[in-house]
Structure formats: C-alpha cells, structure tokens
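Chain nomenclature is as follows: A, B, C and D, assigned in order of appearance, with residue numbering initiated at 1 for each chain independently.
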Amino acid sequence: MTQKPAVLIDPHFRRMEEIFSSADLRRLRELADVRWGRDEPMPLEQARRELTEAVAVVCSSWRYGDVLTHAGTPNLRAIIDVGGSFPVGLDYGRCFDRRIRVLTAAPAFGRQVAEMALAMALAATRDVAAGDRAMREGKERWLHAGNEGTFLLFGKRAGMIGYGSLARALRPLLGPFSCSLHVYDPWLAPGYLRSLGLEPLGLEALLETSDVIFVLSAPTIENRALLSRERLVRIRPSAVLVLMSRAYVVDFDALTEMVMAGRFKAAIDVFPREPLPLDHPIRRAPGAVLSAHRAGSVREGLWDIGRMVVDDLESIVLGLPPQQLQVAQPELVGRQVPGSAES
Amino acid sequence: MTQKPAVLIDPHFRRMEEIFSSADLRRLRELADVRWGRDEPMPLEQARRELTEAVAVVCSSWRYGDVLTHAGTPNLRAIIDVGGSFPVGLDYGRCFDRRIRVLTAAPAFGRQVAEMALAMALAATRDVAAGDRAMREGKERWLHAGNEGTFLLFGKRAGMIGYGSLARALRPLLGPFSCSLHVYDPWLAPGYLRSLGLEPLGLEALLETSDVIFVLSAPTIENRALLSRERLVRIRPSAVLVLMSRAYVVDFDALTEMVMAGRFKAAIDVFPREPLPLDHPIRRAPGAVLSAHRAGSVREGLWDIGRMVVDDLESIVLGLPPQQLQVAQPELVGRQVPGSAES
Amino acid sequence: MTQKPAVLIDPHFRRMEEIFSSADLRRLRELADVRWGRDEPMPLEQARRELTEAVAVVCSSWRYGDVLTHAGTPNLRAIIDVGGSFPVGLDYGRCFDRRIRVLTAAPAFGRQVAEMALAMALAATRDVAAGDRAMREGKERWLHAGNEGTFLLFGKRAGMIGYGSLARALRPLLGPFSCSLHVYDPWLAPGYLRSLGLEPLGLEALLETSDVIFVLSAPTIENRALLSRERLVRIRPSAVLVLMSRAYVVDFDALTEMVMAGRFKAAIDVFPREPLPLDHPIRRAPGAVLSAHRAGSVREGLWDIGRMVVDDLESIVLGLPPQQLQVAQPELVGRQVPGSAES
Amino acid sequence: MTQKPAVLIDPHFRRMEEIFSSADLRRLRELADVRWGRDEPMPLEQARRELTEAVAVVCSSWRYGDVLTHAGTPNLRAIIDVGGSFPVGLDYGRCFDRRIRVLTAAPAFGRQVAEMALAMALAATRDVAAGDRAMREGKERWLHAGNEGTFLLFGKRAGMIGYGSLARALRPLLGPFSCSLHVYDPWLAPGYLRSLGLEPLGLEALLETSDVIFVLSAPTIENRALLSRERLVRIRPSAVLVLMSRAYVVDFDALTEMVMAGRFKAAIDVFPREPLPLDHPIRRAPGAVLSAHRAGSVREGLWDIGRMVVDDLESIVLGLPPQQLQVAQPELVGRQVPGSAES
C-alpha cells in the first residue's frame, strides 16, 4: 500500500469544522496524511518540521518564515490560504521559481457574497428594508403610493466594478433579469470581457449610466478610494450602489454624505472601521441598506472553502494543476493588497 | 384603405398612462379604432352603444350588464380585464357559447411580483431587513455572530403553493439557486407538473419539508384559509413563508401568532385588511418582513399590462387566439373567486 | 372505493405498445377504467356503446359518426387524436358548444422531429452526409479543401416558417448556437413573437436573409405550395433549407430543380409522394440530404405520445383543462388541414 | 505619444487572412507594432533580431532556437502557438523561470470541432448519413422501418474521454438534450469534475455504460492507443463512438474491425494516416460516418484563433495574465505530446 502524502492543515483563525463539512473532512483524510488539523495554531517549530515533508499546507496567513528553500520544503507543491486573500509575507518569487502554487480560497466566498449582493440590491431597488421599517413605524404607504422611487431590476443596466470571483458568482443570479452588464476592471482586457458577453466601460461612464452599481473589486495598490468624491457625484439620482468587497475602494465619508443627502441609494456590507462607531451618520441614512459584514460568513457557506480546498488538494496530490481556488499569478501578485477578506 | 376594428378601452380604476407606455399606446392606435380610452369610466349608455360595434373591450370589471346577446354585441370577440382577476358578474356560459374570449391581465403582474417575492424571501433568509434594523438601533452583531439563523437559498427545497402565472414568473429567478422545486396545486395534474421538472407534493408534505414556502395561489372557492392553523404548525422552525398572492388563503391570526412566537419567519405583502390596523401585532414581529401590498404596483411594471393587452389585441384583430393573457377556461371559471388582485 | 372513470382507448393505426411505455400504461390503468385498449380498431357498434359512458376517447381519427349529442356521449369531456393531427369529420362546433376538448398529440412529435431537424441541418451546413459519401467513393478532400461551402451554425440567421410545436421543440436545441431567430407565422401576432424573443418577418424577407430555413408549418387551407417557385428563388446561394413538416407547403418540383442546379442546399424528410418514386431526380442531387420520412418515428420517441396523453387524461379525469397536447381553438379549427402527420 | 510594443507575427504554416478577420487585424495593428505579419516564414536571422525587442511572438512552432536568454529576448512575455498544440523544441523550464507565458491556440478550435462532433454524433444516432445513402441507392425504408437501430440523444448517457477545450465547447451543445455526462480525464481530479456537474468515471465503466462516447483527448505520453482492442470490446452494441481529437488515442485497426463487424457505430474525423489509403476497409463500413479531418478547418471558424490571440495580446501588452488561450502549466507540459492539431 502506498503512503499517503503529508498535508499540513493549520487554518488557525478559521476553525476546522467551520470550513470543512464532515463529508469533506472524510475526503481529506482519505486523500492525505493530515498533519495537525486542529483549531489552534500549530506551534511554529513543529510546523516547520512538518513542512519538510508536506506536499501542501493549508493556512490562514504565512507565519512559517523563510522555509521555502529546497532543503526546508523539498516536497512542497502548494500553499493554500483560507483566510480570504493571498498570504502576506510570502516570497512569491521563490514560489514561482520552485513551481509552488500559492492559492487563496477567496473564490469560495463567491456564492454567499453574490447571494447577499443580490438580496441587498433588491432590498434597495424595491425598498424592502425601508418598507418593512415603515410598516413597523405605522408610516407605510400602500400600493402605488408606496412604490415611489422603486424600480424593477429587469432589463436595467448593471455596472460591476471588478470582475473577479465575486462578480462571476453574481452574474448567473442576474441572468434571469436580463440586465445589460457593464464592467470596469483594469486587470482584464476589453476583448476578453467582450468574449464573456460583458461590455467593458470606463469607470466614469459606468457610474454615470448604471442603474445598479456593484462594487466587487479586491483591494490593490492602485484602487484605494477609487470611488472618490469626484467620481461618486457622477452616480445617477435613481441609482443604487451596492458595496460588497471592501470599504477600502471608496471614499466612505463622501459616500455617507451623498446617501444622507438622498443623492442615490446604497446597500453596504463593509465599512472602514468594524464594528462601525455607534454614532456614524450612515446608520441613520434613510436611503441605505446596512449589513454588519455578514455577506461572507453564513455557516453552511463557509463549507464551500473546505470543499474547494479538498478538490484542489486532490489535484495537487495527483501532480495536477489546481482548478478551483484562485492561483497567484506572477503578473498580478505584486499589485494585490493581501489581508483577510474579513478585516 | 380598410377600416380599423373598433376596440373599447375603458380601464376605469386603472389610468391609461398607468397601464400603457407611450410606445404601446401608439401600437394600440395603429391597430384599432380606439373608442373612449380615457381614465374616467365611460358613461354606461355610451359604452353599451360602443359595444354594438366593438371587437374587443378592455375594462377593469364587467359593468355593462346583459349585452352579450348576439344583437347587443355582434362583433365582440374578447373581453379583457386589466383589474387583476377575471371580471365578476359576467355570463361566462354565454361567452363560451359565442366563442368570446374572456381574459385577465393577471399574468402581467408576474414579473414584478416574482421579483418582489425573491427580494422578500432573501430579505428573510439572509436577515437583510432585520440586519438593517439592528444597524440603525446600534444592536447589530458582526460577521458570523450576525448570521445565526440565516441560510443560503442555494440548493434548498422551495415549495410553491399555486403554480400559476406568479409561480411561472418566479421560477426562472430561482433557477440559478438550483433549488429543488415542489408544488402543491390542485388545479394541475401531477404528470404535467413533472413534465415541467417540478415535483408535485401534498400540502402537508410541502409544509413539512420546504425551506422556503412561496404562497402564490389565486383565491378559489376551495382555498379560503387553506393554510389553517393545523397546517401552519407543520412548517419547519428554520423555514421562511413568503405570502405574495392573497391573505385569503391563510389563517392570518394563526400566522401572526406563530411568527410572533418565533416558530418560523415570514415575508408578507398582503393582509386581511388593508391598510393594516396600526395596532396589528404582526407589525412588531421580529421574524417578519412586511410590505404594504407593494409587490404589484411598480410604475414601470404596470406597463407589462398594456404591452400584453396590445399583443393580444393584435391576435384578436387578426382573428387568432390570444396568447399572452390568461384565458377563462370552462373547467375552472366557476371555481375562481374574482376580485381585484389589489384588494 | 370510487369507480374509475371510463376512457375508451382505440388508437387503431397506432399500436398500444408503440405509443405507451409500460410505465405509462400502468399510470393509465391506475387512472381510468380502460375500455378496449387493443391494437386493432374497436368494432364500431361497440365503440358507440362505450362512448355513452366514456369521459374521454383516444383515437387516431374520428370514425364514430354523429354521436356527439348529449344523449350519445353524456360524459364525454375530451377527444384525443394520436394520429398526428386534428381528427377529420368531427363536428367541432358541437364540441365547443358542449365544452368537449379536442386534442391532437402533434406536440408529442416535437422532440424527435426537432432533433432530426438539427441533425439534418448540421449534416447539410457541415457537409456531413456529402463528406461521408465522398470518403466512400475515395473522392474526399482533406482539411480546408474539404470545407468549401460549409459554414458554422454559430451566430447565423435562422428562419422558421411556422412557430408551432415543432419550432418550439427546436428552439432550445438552437439556443447554444446563438442564432438570431426570425419567424414567419401568420397565425401568431408580431407582438407575441417579439415577447418570445423572436423577430417576426415577412416570408420573402425571411427567405432572402436566412442562412438556415426551417420549414415547420402544419398544412392549412392557406399554405399549399406557400414556398412557390417565385419565393424559392429568393433563397440565398449559401443557404440551407430544412423541410420537416409537410411537402404540401412547397412547390416540390421547383425545389428539386433548384437544388439540382446547386442554387442552395436542402435537407428533406417529407415528400409529395411517399415512397418517393425511384427515378425522382432529387435522389441524385448532390446538395441534398434526404431522409425517408424518418424524423417522427423513432421507437422511444413515440412514447412521448403516451406520456402526454396520460398527463392530459389525468387533468381531464380531475375536471381540469388539459395542458400538454394541442387543443383545438375555435379561431383556427376551420383553417387547419387535418390528416396524419405521417402521410 | 507612447510607442506601441513590438509583437512578432510569424504564423508561417497558417496564413494571415486565414486566422485574422479584417476586424481583428485592425485591432492587432492598433494594439501593437506588428513585426513581419506575412504568410511566408520570416527569415530566421531577422526573426531572432526582432525577438530582442518583441513583447510577444505568434508562431506555428518554435523555430527560433535557443534565444530565450535574458539577453536574447529581454522583453518577451508570451509565446503564442497558432498551429494547434504547444510548440515543440521549446525550453519550457526557462520560460517558467522567466515568467514567459507559453500559449496554444488549441481552444480556438473548440467551437467548430464541437459543432462537428454533435453533427457527426447525430448523423450516426439518427442514421442521417446512412439514410441519405439509402435514398440515393433506392434502398431506403420508410417511417418506423427506417428507424431500426436509431435512438434519440435526449436523456442518454454521454461519455467524454478528455475534458479539455473541445469537451468544454461541446458541453453547452449537449445541454438541451439533458444527457447525463460522464467523464474520463486523468488530468482532472474527481472533485473538480463533480463541481462542474459532471460524473467522473473510470475508462472501462465509461465505455460499458455510455450511449454516445466522445473521444476528445489531446495526445499525451500516457494515452497512445488508450482505446485498445480490450477496451473497445466493452462498448455497448447500440452505442456510437465519436472520434474527434486524434487517431493516436485509439487502436484504429481494432476499431475498424469492430465497426466493420457491426459491433457498434462510429463517427470518425481523424485517421492514423491522412489522406487515408483508398483501400482502407473503414471506407466501406456501413456503421461509420466518415469525415476527412474537416472538423477544425471551416474558414470562418479559424478566425476564432485570431480573435483569441488578439484578446490575449491585449492582456499581455497591458502586463496582465492571458485569459483566452491555453497556458502551458508546469505540472503538465512534460506529459503533453506536441504537434499540430491538424496532423
């Protein structure tokens, strides 16, 4: 009987049962000789010892220092981060030189964040949250009178800022609404976007013409406060901005002012400080739908992480390229801003 | 040049521009010699005179009395009700005898009600409305802690009570979520439902096994308070009931009690009395998402009525069967409970 | 225990096991008190006796004479023809007066005919049949050289003449090829076609602009030799005509001449005389793909008839409108040309 | 004005207008400073000079020798092969070390080969080619009699051997037929295949249970004559084998014998020797549908190559990872058997 390859499972800030369903845990143990596999962080010295044998490591950041020499990790084929972004402090160049795959489980959040993006978008376009609030305050307006300022998603122009794994998970949910889809993503060439049936658009044009704007881009060294005050003012009065990925990409003060002023509506799941200070004015904005960073942490949704990790470990153990998670690319890795998707 | 056929347009409780977009109004005038076509009700005597020439009448109820003799309405081919249900007080037997089509614009509400059904379902399953409320009260819980009791729609069991035009409009919106779809509809035979890829189910079994229950049935002489207390108790603790069609089909007192008690969640657009009394307890139920009968009265959505009416008038004027609106069927007409979809 | 309703099953020119799978036969016997149910025609006197009790009759033409009085057939709710078209010699007016549904199983041929239509279209556009012939004769041309005159279906203009049950079954098969779909059907109003995402077009324009033309219309009193010589000449040189429904709608001599002359290609399943005379010139046309009326008679495909018949009998027995088969409409019945889909 | 990056276009055995539509040629010239761009091969010394400046090279094999040092090709980011497979004679290790992307345009053949695969499969399952032949010989059988041995694709088990770009292009075409899809592909892990809605299966089981078997795998060092005599005998009598990728993966003598003997049917586009000898027995096999390697060389289809090449050059010029063509992966490159898809 052949020996199973060693895989170090050290998800630390995630818990084992949080990311692995029992079925996937069984698959994992069948596939690999699981080292560690506990909730608490593995003691560092022990981890470095295990890495001399491991074919792959599943972690929530890179905390093992400079072991990526051939002597330190002779068998290592893959580093899989389940925190939500690419790991910080890793020598990516050495990984590429040694053909070690660096993966992030970020795409595993796609389904649940996409569902929440649609839920929050519809809650704003159809005044579901505001209407519910009005009913509770006894101030509701019935029938047509209660639908001032609402609109249907059917056939509208949807703008996506960032077309990565969140956007790809969102797209099928928008399919039945026959929206025209416009994308601003400086990391994807226009011909490729067109081949997907999407219309590439400059950021200003997207803001000026979209009925619903989904902010889905991961943070990069280029997009801090990309949605500046100057750009936010371009948004149409009737539009809805849905902020799902990171507050980092928005001038949040400007956004707050404009939503407070009723310039447009916004559905917001991520904030510049979390928990958000209790006196933050956005908490009182009538045109906002607010969520406490809850899009990506539904219990059953987190099992998507484990499922995709085990799928890719299957590939890695077989000597094949991984297929499910996002692989670090030499062209992009220096431009991404690592850090947990949850912070 | 041939004369255009006369069509009486007397929508009374609807307004002309409410149901007809300007494009459809143009199509209508090109197609037919439009008689009346104003917001206020046509004087009765005048209407009865016009009916002696008209090929079709568009109305919001049948208020023209006993004119359906061959002498009274020799050219009449179609009676189209834009109120939301089949007209009351009409001699359907005579219509069938004379091959006069009786149509209701009810299916024209499908798109907008279906969108709202999904919006409200997601607002309940993902706690969008409750989460927004918590943020405003400064009582929100962040990340995982804020997702207790929430669940994803992906892959869940969705039960539909009634598979008419609302359900048919909802189905494609659920498509990307890969739910298994279970239907209780005593007016559709099981083989037909299966041919549509749906699983027919008894009402009790549907209530006991569904994660999300959509109540979409039009009122009939058989389904008053169909969802009785005895049946409502069968609903699973984690489930969400989405009441979209008519409060008529539910024991609303029992529903209120159970939602108040936290037995399950509910998203409710229709109520036994509208406006709902200010002291009705459902207004304070934490597990409810409430909407003031707003699902079917979005301005642009109502133009679906006019579009479908003109489409069917095209057919009728050409001597062809109508295709878009719902046609009264001899087997069912005596079992339906007419009355506006909005009351 | 309640008595099952009597249903007379007298498919005569069809055989029982030809149209009913064993599973559907079981469903049928569970549902109804099956009278007769044999391959040979029921003796007439006996049939007329059974009709005094039967709720429905399944036949392959109407051979029971004038029994449609209330006395002759007091319980009769439905007449279902499994031959392939609406029955000849039936008093449809009386059926409408008595609310008896007259149904044809024509839609049950949709799947298999649609599949064959696509198969034959692709065999022509990609020279599958001609290429195979060339290989057998040792005259093939390889690679690019062998693809002169071939084209891809992707993104092409497909024209449909007739948008009934065959076309509706074909449409999803064309879906992945992203063709633009143009329809000529004088029995469907343009607004309705547009609502289906189809572009209504005049016959001449359709012939002049389509890359692939599917002839799918059932015979009517208006469309004999609709595709006359004058119209066929409008077809583009590179185009493919796919004749699936009935040779009746084409000037077959003109078609033969043009295909012989290489004016365009044709895929033909139906002929003016069947069997086709051995010396008919179309048999030697290089640009033709020929099939001996085989589109609608695949063994397993015929079970679609039985499945849909039993589905509709379920509805009828429950007192509900049938949903699967095509129902005779008062507006159209006088304009259809009955007769077997297979003759 | 910034200078456009230099791109060497030297497709040699392809011609410029064969792969680039005029629209894509315009895009290309707008994007890059095109060097060479002619049908005949660029003189080698000149090519090596251009490579010292070029950001990318488009070629049909690697004929530039050992220039991949940093000095020889300081700007080079991508090598794009438009011949149909990964280039031979290239130092892939050095490419990976230098982060030079090596791409093959093989996926650009997907659409047209997939269409032909479906066309040939249906030609076999429905006897389109054989039926046409019979009509020409005056030996056809009409209606049911002519459908012995034919079957519908709807709901059948389709087996795919190899799930690369051809299979991915074929899959949507099979979608409307609701086949269950089974895959044998040793280069894709089972969990990943399941996540795509496919059922991974051992090769023997696939052969034994599939109604239609699509052979779509590119040649590797492991799959020569993978479909050996011992394996071919497992194919079910009623099944159809569709050989589209390379004769390399089949024991062609055994295949020929079995098809001659009527063991199963086969649709074959690729042969061990091309042109196929005139006396090869497969040319007379009644159960075969034969095509002279014509699946991938439809004129308009080849423009997919140019479109995807320019799309990826857009990415490369912008410093982004390519997205459209197939990228050489360190895990696999040593196991692939390069060589033109057309030889």
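One rule holds in what follows: contacts are C-beta pairs under 8 Å (C-beta built on N, C-alpha and C of every residue); 3 or more make two chains touch, one makes a residue touch a chain.
Values in this document were obtained by computation on a predicted structure and should not be read as measured data.
Shared contact partners of subunit C and subunit D: not a single chain qualifies. Listed by label, the chains that touch subunit A and also subunit B number zero. Subunit B and subunit C touch with mostly matching residues; of the residue numbers seen at this interface, over half occur in both copies. Rotation angle for the C-alpha superposition of subunit A on subunit D: 180 degrees, rounded in steps of 5.
Separating the CA-averaged centres of subunit B and subunit C is a span of 34 Å. The distance from the centre of subunit B to the centre of subunit D, each centre being the mean of the chain's C-alpha atoms, comes to 51 Å. The set of subunit A residues that touch two or more partner chains is empty.
Taken as a contact graph, with one node per protein chain and an edge wherever two chains touch, the assembly forms a single closed ring in which every chain touches exactly two others.
Considering their complex, residues 111-112, 115-116, 118-120, 122-123, 125-129, 131-136, 138, 140-144, 146-147, 150-154, 172-173, 175-177, 274-276, 278, 283-284, 288-294, 297-301, 342 of subunit A touch subunit B.
Across the complex, subunit B meets subunit C through its residues 27, 96-97, 99, 187-192, 195, 307-308, 310-312, 314-315, 318-321, 323-324, 329-332.
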